[in-house]
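One chain, chain A, appears in both complexes that follow, with chain B as partner in the first and chain C in the second.
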Partner chain A sequence: MYCFLRLSVLLVGLIVSASSYAANAVQPLTTADDLGPKVEQPIEFPHDRHAGDAAKGGMEINCMYCHTYARRSIVAGIPPLQKCIGCHQSIESVRETPRIKKLFEYWEAKKAVPWKKVHDLPDFVRFNHERHIQRFVFAQNKPVQEACGYCHGDVKTMTVARRQKPLSMGWCVSCHQKDHPVDATSTKTTHGPNDCWQCHK
Partner chain B sequence: MIENSFNRRDFLKVLGWGSATVALSGCGNTSVEDGKEFVTSYVQTADYIIPSIGTYFNSTCAQCDAGCGIMGRVREGRVLKLEGNPKSSINNGKMCGLGQAGVQAHYNPDRIREPLLRNGDKGEAITWEKALGLINEKVGGVRAENVAFLTGGVSGHVKALLKNYLDALGSGHHYVYEAVAPSVMRAANKKAYGVEMPRLRMDKAKVILSFGADFLGAWISPVHFSQQYARFRKADNGKRGVLVQVESKMTLTGANADRWLVIRPGTEGIFALGLINALAAAGLSVPGDVAAVVKEYTTDRVSKDTGVPTEHIAKLAALLKERSPSLIIAGSAAEGYAHGSQNATAIALLNQVLGNVGKTVEGSSGIPFPQMAPTTGNRQALQILNDNMAQDKVKVLFSYGSNPVFTAPASMKLKENLKKVPFKVAFAHYMDETAVEADLVLPLNSALEDWGTVMPEYIADGAQLNIRQPLMEKLHPGTLGMGDILLALLKQRRPEEYKGYEDFYSYLRNAMVSNKGALGGANADDNTFWEAALSHGMVKLVGSPINISSHVSANGLVVPAPFVEDSTYPLHLIPAVSASLRDGRNANEPWLQESPDPLTTIVWDSWVEMHPKTAAKLGIVEGDIVEVASKSGAIKAQVYVFTGIHPDVISVPLGYGHEAMGRYAKGVGVNAFKILDPVFDKETGELAMHETRVKVSKAGQRVIIVKDEGPAGGNQMGRKIAVRMSSDKVNLSKEV
Partner chain C sequence: MSITNLLENWSDFRQQHPSDDRPHREYKWAMSIDLDACTGCNACSVACYAENNLPVVGKEKFAHGHSHHWIRIERYWDNDGREFADQGAQFLPMLCQHCEAAPCETVCPVGATNHTADGLNSQVYNRCVGSRYCNANCPYKARYFNWYDYPTTDNVWPEPMNQQLNPDVTVRGKGVMEKCTFCVQRLTVAKSDARSEGRSVLDGEVQTACQQVCPTGAISFGNLVDPLAKVGKQWMTQQVELNKDKQAKDTAEEAAKLRGYRILEELRTYPSVMYLEQLRESAI
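After this line comes the complex of A and B, so read on.
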């Protein structure tokens, strides 16, 4: 009797363990999209309006006009509020729209906009924007939107940005294993670093 | 039933599977938490500010009074780490552990966040308007001579404002008190050389003889002296300087010395005079009056009095004669006695006889702005204030930058006398022992978010006005800088004079810019001058040099005979000033509590240092809790048995044993200040810190001492990694 009780407790433990393992274990080595949750932002920033194609009413602004730190820092950064205001103080046509009114409210109160982080890696992962931008945009002459899009998806079609890719280790590695030309003209190829400490330092 | 049958072994099995699952799920994607964290950008920012890349701003360290220049690494609007400012001629880019802990003073969770007014036993949060109004009302309601301002050492523009405020009140009662200060030495230097703080050129000396001056640990400006010491050890001519330390309790400097001579407490003066006699006997020319005074200090007598073997005295005399210039330093071990002034004078005389004055003991620089010159403190000031409080002469008391309730010996009855003061205002960072007693507590900005200027007392050459500037926004909106508070108080008294200054920053900028000619910015426009001063973190001043004179007279120099034995209190207590905790003002910074004492490796507690012979006599082993009782009180602490101490001496570190202040300081260790006997230096009236006699008795318990040193102690587990040699095997004469 006792023996059965003991066994049943053990079995329950095993099943719980196994099932939770199964739920977490499979990390696809794929670049397939993996849509993240919708994130509510203080101001629904229309990426499509700013960066989208002119044919669709966008202004085709370079990603790095606003996310200017991406090429010189490990983070891409959110532009300081003064950058938004720098343009919008001269754009009378949208001055009275609700979002822009809200933007100016923050500016007049000298308060930072509390944006939510959409692409949040765990603290033990160190992803460096500068390295990727320097390699793809400046060495290989890839279009900026394509290079950013490897990880961020087609942001120019979105309003509020949403995570498109899994950003898991397997996903990162799947790209690092591919060969890339070292620069725009060379035929030499190389792949991304596969040392643990490149990201886990 | 099931509890009985489900045994520990099965439980562990299930637990094992469970934890394996948790570990596995950690490999997945679960830590990506989109939309949970904020990413806050700047509203406005300079082009050079790049997120994730640190920017350095210069300021001035506030952890002790040395005034080292610091650079704070600031990232995303937060100060992360401090480094030394290479432009400062005090520390030349170097920094000590105490300074490193400055960020913990800034981010400390126990900082006071709003003005507190006493309501019974509690502090009630009030607004700044109300607090400042209350001060105005209270100082207006009493006679000016009944207002007293107690501060630690102050300098710069805050000192100038403080003086203006006291002038505006019509009261000159500014008491400057430092719990641990070389006051006796300052007085003796003034008498001997004409300057309080001559510049000690260790880099030029070939031999340093230090009487208990812990210049590598906690004495005056340790970071500066450490660099000088490095040059002394590796001189340009390739000759290595020899350091001899004479003291009763080994300090960090003593542990670094080539020769550590343990001396009977209080006989430092005898030793110095004996050395002069030995030097004269060895052929050094000594003036007649000096020779007459020292001739009775024969090597045999000195050896008997001091406990230093005769051959060491002879060797030391030979060394000093052979290698010139040398440098003789009087530290706390020499000045901490009732005859401390005589000891210090005897040591100054030794410097003079050796011809060091003007070579390794140099004059200082005059300060162009005397109203900003550093005010150095002493214990006598506290004594006078205490007497005045006892006689009900103080009605309103301000306290800033000192914690007298913690540092005053119990025999002063300071806490009781403080209760007689009807209105006490404390400017404080923490609810320390003095703030707890106050009626109104005003929270101060941390040093990393405050404006100010600091003029250090000791600087190698020239003079320097250090800038203290905010490295980041205030953490707590309810705190204010001392300068801002003084300015607000001055506006109450002299509104016409100060109404043009919106805050202390605008006052400071105006005061600096309008004097830019004297501050080395004569040719620069206002903005350029100001920006450069902030960028460098300091302004170099050109002061007229003060020449040093040497006129120590041997006439009337009497050094008393060694202590007589006291059978009730057989041991001498040396309150040790540690490099981390000093007088205890930084005790609430856990890094400092956690960093092991350099000699004993003990952390997070007080200890009683005791010689093995004494311990054996008393039947005490390491870890025994003992009661250390003086005529003025008793404390209980763990014993650490240590050979680096005279058998007649025990030592307890200062700075521990807070009853308030914060979570990391409160209740850790015991307060050795409390049991100091009220014995004073006969000439200066300073408290003689080393005069306390104690008895030690076992209190019954025994603990395991928490320390970094391994269980094998100095045995290195038999591996002989660092080869040890007993000191009498070292032949110092080879060095000559």
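After this line comes the complex of A and C, so read on.
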């Protein structure tokens, strides 16, 4: 009897410790399907509605209409609230929907929407959006959504954006090792740099 | 980058010495420091602290040799028997010499220090495990080990001081070797801007922090491959060549005419920093 009691105490202890470990466990960087963690945004911004194909009810807005800094700066940037309002104040049909109401609440309160970061690289990594956009969109004439989608996934089919690719060093390097054509017409190819200080700081 | 790929194609990842068959193509960053102009004011050192998020460690840790000045002013007294005040001093700013055949690179157990295609001696902080082997092997003693967790436990940037940290440079944690980077964050920006305009970086387009603040303009920095660069011209007039350990200055007839030299050249580290010998008598 005493032996049973000891065993059960041990078992309960094990289960409790295992479950508490699971609760405290850090969310892994990439899950099996390479999906990043779900990020709760203050307003569930429907990327599919804005950037999606016209056949599926999207408006095919260029990624760089809102993420306007991508082509000329290291960071892609999040549009200022003014840009959202600029369109939405003249779109009467959706004015009373809950998300747009929330948008105007921020606008009237003169507060920026506190968007959460979805693609967050560590502090020691430097990623230059401009370099990649200049190379693939402007030099190679690739469609914007394909060029952006290579790292960000097929955002035009998502509602709230979620990380699709691992964004690990090995993943970056796998692309830097490939030979990419220099521009749309030439047959000359180059690959990305592989020196450490290019990306690490 | 799998480790098998890395090992099988090691020569592709490892930059060669310029005397080998793969010289520098587009960029080779180099510096020259005119010791005649240097007044030992320490502005370069201060600018480096500000630019590169270096922690100010305080008197006690400094005395233990735990300081983090990536560029330090070495001071030499004239050796002619005079006492202080009349003694006269010579100053020599010492920083990482970005050697072509860097002794620190070969000994790193994890490959955290590498040679870049631009001829820089790179230090990758997030790969460093803190063996300090590189420091032991550096003849210039230009590498500094981070003994404390400055951002968190040793709170050297209390609020709101953290707001002045440079976002282009990592704030290094404990157990990492760090050193002068030739302000690589500025170099990458300049290179990227130039690439967008389809040209190479022009001379004078990019400055290091120490060069920028130097009140006497003692420090010049630029691309040695560029024939128009000031640094390249200085190296040429002084007949200093990157991949030689015996320069024209070392011969008896040229010694009096030429001022340029590199420190501990005879160790064959092939440093990228040239010093110009002091001409005038010391200040007093």
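Everything that follows uses one rule, which is that the second predicted complex is superposed on the first by the 168 of 201 C-alpha atoms of A that agree within 3 Å, B and C clash if a C-alpha of one lies under 4 Å from a C-alpha of the other, contacts with A are read in each partner's own complex, and residues count from 1 in each chain.
Methods note: contacts are C-beta pairs under 8 Å (C-beta built on N, C-alpha and C of every residue); 3 or more make two chains touch, one makes a residue touch a chain.
Remember, it's a predicted structure, so these values are computed and weren't measured experimentally.
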item: First (chain B), second (chain C), both or neither touched by A:131; value: second
item: Touched partner set for A:100, first chain B, second chain C, both or neither; value: neither
item: Touching partner for A:64 - first (chain B), second (chain C), both, neither; value: neither
item: Chain B versus chain C as contact partner of A:77, first or second or both or neither; value: first
item: Between chain B and chain C, more extensive residue contact with chain A; value: B
item: Which superposed partner A:122 touches (first chain B, second chain C, both, neither); value: both
item: First (chain B), second (chain C), both or neither touched by A:175; value: neither
item: Partner chain(s) touched by A:196 [first = chain B, second = chain C, both, neither]; value: second
item: Touching partner for A:158 - first (chain B), second (chain C), both, neither; value: neither
item: Partner chain in contact with A:40 - chain B first, chain C second, else both or neither; value: first
item: On chain A, positions contacted by chain B and by chain C; value: 122-123
item: Contact footprint of chain A on chain B as seen in their complex; value: 2, 5-6, 10, 13-14, 17-18, 20-21, 24-25, 27-45, 50-53
item: Sites on chain C touched by chain A in the complex; value: 1-2, 12-13, 15, 114, 116-118, 120, 122, 124-127, 168-171, 181, 184-185, 188, 192, 195-196
item: In the complex, chain A residues that touch chain C; value: 122-124, 126, 128, 130-131, 134, 169-170, 173-174, 177, 193-198, 200-201
item: For the chain A and chain B complex, residues of the former touching the latter; value: 2, 5-6, 9-10, 13-14, 16-17, 20-21, 23-25, 27, 36-40, 69, 72-75, 77-82, 106-107, 110-123, 163, 166-168
